[in-house]
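One chain, subunit A, links the two complexes that follow: it is found with subunit B in the first and with subunit C in the second.
Right after this comes the complex of A and B.
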């Protein structure tokens, strides 16, 4: 029941998104323009500092993720469909998991374009340890999206949601960003510093567990009016 | 107002009178001399801020799951005090740093993590102020996440960089009272914590009256 509900919510979001690809295309464009803006800030004499690529990657993911979160829930608000979902006789945490999965798919597609692009533009050896990078990206996006989905869902009732979402999200997800950036930067060293990356990965997964548990625990009372 | 308020206020005032005397009499620290005295002001500010963080988190959990309005008032009041005492620490810190390290700000572990935690509670208050109706619940979630994330902020930033004295400085001072640093520190800390409690009581009292007034307004309109 739980998993089925979550997958149904995901399927619904997927069906809407596939029709226009609105959120995917706009957030991707935004992420790429973020990368360009940062390249103007960091590149000197045709070269960026060696670990700038790590920071740029994660900032692009975080910024475009915020945009995607806002848009996904704006869609739910527009037709009051979130209320309909909440009225359905389904476990509420399952709704949360469904929305979270949707955001994660979007962020994964984002990263799929961003990582090769940044590797190319900054000649960064991002693919030196593909498995570790993949795990870092997975851990980072899960942590970021776990908090983001919860906050975006509860901000749906608020008039000032566009401003409040980044205000709340960034201070709270800073540890996730630090782990992601430092872990990725360790992989960019030559030779890649695997032990440091694994240590950051450990902290990242611990954070994910805390965030997911808290989000599942508080989603029910938060969404009850 | 609770009966304990007046005696508590007297004790706190007394401590704030004694503390400067003790601080003036405390020996000079061997390297930083007079500058080190700001320590008796700086550390207690942070202790009071962490008290606020704790009260806010517990109040938030209580409010979110039990719907208790009193708990919400405590959480809100404590968050405002986090802002106040945190600002105290954030101002006294750079003043000390300028003289001790030669710069106003260092991207060091404790400074960065303290600033981040402080920002989370500023966000908490922003949600309450601009979130519109129902923002109390939203804010409660921010309070819970803020407290949960605080150890991670500390650990991650700590590994990232460090120049600030280790956390062991304060326990060392307390364990060696003979050096003369312990008494003024403990008195200042106690004074700040009691000040925190007093301000919390006043603020909660105010919030309760605000709520009562709102209810009267609503009843009058009906």
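Right after this comes the complex of A and C.
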């Protein structure tokens, strides 16, 4: 029942996105613009400052993720469909997981474009350790989206939700972003510092466990008016 | 109509009762010590001016809003004891229609049918026919008129044959023929053993439809009586000339 509900919510969000392409296009456009602006600012004669690529990758993911979170829940607010979801005889945390999975798919598609683009523009060896990079991206986006999905759902009835979401989200997810940046920067060293990257990865997954547990635990009471 | 919940194990009940239920939002008292019972076969009209607390009361009955104090009992059990399965027996149609405009009518009903654990193939097409949308089922809801959306939302709310049917201003934006269709549907639901609660401030539509009247003003229940003719005059006397 739990997994079936989560997958139903994911499938519904996917069906809407396939029809409109609204969130995918806006987040990708924003993320790519962000990377291009940074590349014009930082890359001089084909050389970027050390670690810049790692920071810019995670900034682009965090900013476009915030945009995606806001838009995803704006859809549920428009016809108050979040209430219809909450009225269903399904475990409410399953609704949270469904929405979280949708955000993760969007962020994965963003990363799929961003990583090669940053590797190209910043001449960064992002593909030197592809598995470790993949794990860092997975861990970072899960941690960021776990908190973001909870906050975006919580703020759906707030008139100032667009302002409040980043204000609440970024301070809490700073540890996730730092782990992602430092882990990715370790992979960009020559030769790649795998030990340091694995250490940051471990912290990242520990944060994921904490954030996911807290979000699943608090979703139902927070969503009951 | 059958109440399928009896087979699926979801809790059934033949009455719903608010006992001294209050709901405060910060310092604002939306409802204060409301006690009200609705039984199977009743069509309870919740009447009152805007901001009286009708929607909050509907929210309490739907389990979306938790009472600050007091109880909501379904049969003999508290709502919090019954858990998620209780929601299998509750249907809500609110002023906001709870349908996705980006999806087609069929996609909307299929999604909600699956969410309620129903066989979508068996229930969606008949529901579209009842809504008069048999030939528009694959069109996006965004292109529908308010009346068409309202009919679709009605079918969405009733797809799972709920025991407790909650309607919050169900006649908003409907033309006369659509109002008749919704009214007839409400009577049939009550006749089949549903508990129907309708929040409205349209006294003309409520008159002759509801079997009991509960009048709310400033969050307090000020009248709860059997319906009879002359609803407007009695409402005015209860509300104080409003």
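Following the convention adopted for this analysis, the second predicted complex is superposed on the first by the 220 of 225 C-alpha atoms of A that agree within 3 Å, B and C clash if a C-alpha of one lies under 4 Å from a C-alpha of the other, contacts with A are read in each partner's own complex, and residues count from 1 in each chain.
Everything below uses one rule, namely that a residue touches a chain if its C-beta (ideal position, glycine included) is under 8 Å from a C-beta of that chain, and two chains touch if they have at least 3 such contacts.
From a predicted model like this one, the values you see are computed outputs, not experimental measurements.
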Which of subunit B and subunit C A:71 touches, first, second, both or neither: neither
Contacts of A:20 with subunit B and subunit C, given as first, second, both or neither: second
Which of subunit B and subunit C A:155 touches, first, second, both or neither: first
Doubly contacted residues of subunit A, that is, touched by subunit B and again by subunit C: 225
For the subunit A and subunit C complex, residues of the former touching the latter: 1, 5, 8, 11-12, 15-16, 19-20, 75, 78-81, 83-92, 224-225
Residue ranges of subunit C in contact with subunit A within the complex: 10, 59, 62-66, 84-88, 90, 92, 94, 96-103, 107, 111-112, 114-117, 140, 156
Subunit A contact footprint on subunit B (complex, rising order): 64-65, 116, 119-120, 123, 126-127, 130-135, 137-138, 141-142, 144-146, 148-149, 152-153, 155-157, 159-160
Residues on subunit A engaged by subunit B in the complex (per definition of touch): 147, 150-151, 154-155, 157-160, 163-164, 167-168, 171-172, 174-175, 178-179, 182, 199, 203, 206-207, 210-211, 214, 218, 221-222, 225
